[in-house]
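Going by the order they are written in, the chains are A, B and C; count residues from 1 in each one.
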């Protein structure tokens, strides 16, 4: 089957190269329902009119454009795909959920190529599950940075979290940084200290493994920094730019609040990348998620309508439309050509975002439940009395992450001391579900570990289950009571667990 | 447990009586259980006898019946038509035709798919010509379950009607044999507004309840035994199927690594009960107090005070509560005002601290709830005979004594059932919690794979969070829903037994 | 009666009067405080709706610049549509639901038939299931009937009305308080059951009819969960609650907050006026019914 498909793909590519346009007979009138953010309704209507006037295929789009916020669109689509919009905008964090609910139509060969060539790499990754692209990048500005009131925070303090907190407390103004209700913002502290939470999916959007290091010494430093913020009397858990009108001196939010904040603060508005915090004399610059907004096409039963919708989506996410969105609402483009334009480079909000990008990580794909699990950390850290309490918050988080996979009986935890017996820490723990995990094993005294069911540490799978690649593993014989897998030498390995046996390949 | 005679019981003081009632309630549980088992046994026995009788009757009617009666076993209404009861006959016949047509056209399909809930899922294919992926959808588990249940309802209705049809034939034969006349269509119509008037009146409401309340509830209970969720929506992505008691095992098991649904359930249930208790009784007593204050002799412009209070009922809650929620925010106007007055130096954590948040929702609920109680108790207080107060005043009772000896007992007696319904109503008070806090602040210990659960989350808001959460775990929500039902039912039963005003409805006639 | 006794009683009388005056003054003070607390949020919403210097939430109550812009702007949005939708729903629901509830409660109060008790117990048990769950399925049923999205108005009316029979409790309690001997006398005179209902019971039931109409009318204005589900992102099928609630979304609040307040005021006005006018009946209905059932 796979062979046939790849053959077909090759044919398509050849065809498309020869003829330029290979699908004909698209002319006709199509009823299309579109969901976009409220601010974009008018613009989208105009853009569709422009498309109707300009396209050469004789396509007439009879569009119904409704204002459905990006957050809600995904929830609605998952509830009832059939009744959902044909084209809809959504934020990147909803991507995996939509793919696994089959609410997104996979892009064809030509469309995928267009997306890959015209957009920045981080954004393309955001629209990709496994190897397949499922959505069209619309913006590349879903990140956050800091807005501040220049009368509250002097310019020289903007680099230090502690100084900003002190300034806010002195002025009796709030430091708004959403720590209690959103994992998206709170991850900032963890990224500052180099923690990661990397998830991988298969082609269908199902999560197969995670490498999460929030529960680690670095994570403990992160929550210590977070504690400084949430313990302040003047910390406000909010990310709304309009808080400046209700007593805020600093708000961490994104470009979408630019107009609101500049209206409220006028000349006193300052924008900057996020500050650094200090723990034990070391300074850590706050990180952030660097995400995007996507435009999805609902799976179609009719190939003709499908093709038309994909064309329309390509137009709406194309250079011209992204430029219009930037000009009218300052939405940061994902299109490389638009990104390079002078106007975009000169925009102060985007400039701050791009400055923060040096410290941000691409959002990639994250398990839908992670947002719920991780957002608890904020309240947990606030409630913690001492370092043990902070550690408990991280432990709790770790357990919950493990449980996301534990729900599935095939879920397993790959735990070990790849880095040496005495260096064993959470950095070496991976969760995987009927899949593989790639390990970088440095030279050390031990280089071993095993696969267990999370929560039930005794049901080990290890040396005894290795079928392929036994030669890469030391046979410790009777000394291996725990059934550990101990690598013979350092290197990069791919370990695959298929439910009954373990395969090890050296890369 | 010693059974007291009436006289002994009356000798007890109030408190002792209550204790006695509670004790005897618990003492009666074993006997109650025994009786329940016995009565179920008896019920089954009775049902068996009933079914036997039914079949015997069917057989006898057939054996002794004339030709129209016998034909009616196959063609409903035939007997009525032969005997001149055209209206009835046609209705029976029509029902049979509709039923057979429905079963042949779709009912049979739904019924046959019910055990598997669908066999073929959607298929995604690549279309080379248009360079797009197209999906072909096939079976729909959701519809199969829904229409399967509906078809079962329909079949039951058909069997019942068929039985009525037979019984009418038997009756008609008896009536004719005794030389009387059968009812004509006109008589039937007339009786629908007279002795059978209740059937006319109930037809529409009960149909509505059957389709829009009973059917959905049956469906949701069944969902608890499937794996229906966002990734198994039964049509678009994956079909769902029966999983037996798995979901109940997940929910009730105490072990299970990081996820511990039963602990979450316990935490949320505890707060739900605490909340319902305080929400009910604070409103009850304060509402009564305000009503007494307004009704007090000498208080003027009574109507104005009532009108002001009643505003919270009249203005939709999504407006008022959303605004109130913002007022109590850390940088909201309440904190702002208190700081301006110099009463506090830092914002009070109304929504940030678990205990503060819990107290705040209860207090704000008073704001919402007092007016209802004020209205209700106004009416009741007016009904208390004034001479009771007069005579007690002559006996030298002060206001407090009057309240505890006359007003309160009277109120409690009359509003007992209302208290119970408002308690269970508060357990399911979605609006107040959802609009005020949305469940915040999050409860780390209780949160898990079923979403982030907060300290102020009630079972009902938790349930809502599950259905709208990342994975839309409807099956889990359904299990929670069933548990809510069990809790409410148990509380109702227990409290109802303890109510002083557990009385016969005929008393008021 | 002796002189001394009389003067003593007079003194006591005057003392009573003085203490009564004090307690009355206290009562009035308490009532004023309560009223202020009750009114603050409403006054604030009203003030916010007249604020024109900015559209986002602010930390002060009194507008710096007053105006009707927010109300005017409402007419450039879908708000009028939502308002009409809701009004239609409220009126239809009020009419139909009243009929259903009265049928149900009258029957259960007045007739004695075999299935009566089991029926009432069955409905009591049904009422213990959290209704939240049935939303999903009701949505699907309405979708199959073509009554979601743009057509959600009839769909919502259908659902509100169809399940309203469950709320028979209060009005049954009211009917229970009307003496049965009236019916019996009329029946003796040869009136049918229907005539009894029309000629005797209904005229006596004004409070409960008005109570039922009022509660049914108020329902659709505040439904922001189920109605949102049914409208499914289609603006033309929303009621005011769903539409206004959307304005508080993160990406809309900064532009629409004061308009939300203005919309809220417009929603509150008809319901409040109606409620004030009919308050008396509401009290009679609820005390006659809720308590004695």
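To be clear about the criterion, a residue touches a chain if its C-beta (ideal position, glycine included) is under 8 Å from a C-beta of that chain, and two chains touch if they have at least 3 such contacts.
For clarity, every value in this text was computed on a predicted model and none was experimentally measured.
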Seminar exercise, completed: By Cα centroid distance, the chain farthest from chain A is C
Exercise. Between B-C and A-C, which chain pair is linked by more C-beta pairs in contact?
Worked result: B-C
For this session: Grab the C-alpha centre of each chain and report whichever is closest to the global C-alpha centre.
Result: B
For this session: For chain A and chain B, let me know how many angstrom lie between their CA-based centres, rounded off.
Result: 42
Exercise. Which integer distance in Å separates the CA centroid of chain B from that of chain C?
Worked result: 20
For this session: Let me have the rounded angstrom distance from the C-alpha centre of chain A over to the C-alpha centre of chain C, please.
Result: 45
Exercise. Taking each residue of chain C in turn, which ones touch at least two of the other chains?
Worked result: 57, 59
Seminar exercise, completed: chain A touches at least 2 other chains through residues 79, 246-247
For this session: Pull out every residue in chain B that's touching 2 or more other chains.
Result: 331-332, 336
Exercise. In their shared complex, at which residues does chain A touch chain B?
Worked result: 5, 8, 11-12, 16, 22-23, 75, 78-79, 81-82, 97, 100-103, 105-111, 174, 180-181, 233-234, 236-237, 243, 246-248, 299-304, 306-307, 310, 367-369, 371-373, 375-380, 382-383, 393, 396, 399-404, 406-407, 453-456
Exercise. Which chain C residues qualify as touching chain B in the complex?
Worked result: 20, 23-24, 27-28, 30-31, 34-35, 37-39, 41-42, 44-45, 57, 59-61, 100-101, 103-104, 106-107, 111, 113, 123, 125-126, 128-134, 136-138, 140-141, 144, 158-159, 161-166, 168-169, 176-177, 179-180, 192-194, 197, 218, 221-222, 224-225, 241, 244-245, 248, 261, 264, 267-268, 271-272, 274-276, 279, 282-284, 286-288, 290-293
Problem set entry | Parts of chain A lying in touch with chain C, wherever the complex brings them together | 35, 37-39, 66-73, 76, 79-80, 83-85, 239-242, 245-247, 256-257, 260, 263-264
Problem set entry | Partner chain A, residues of chain B touching it in the complex | 122, 124, 126-137, 230-231, 233, 235-237, 255-259, 329-332, 336, 346-347, 352, 440-445, 447-449, 451-452, 468-472
Exercise. Okay, in this complex, where on chain C does chain A touch?
Worked result: 54, 56-59, 139, 143, 148-149, 229, 232-235, 246, 249-255, 257
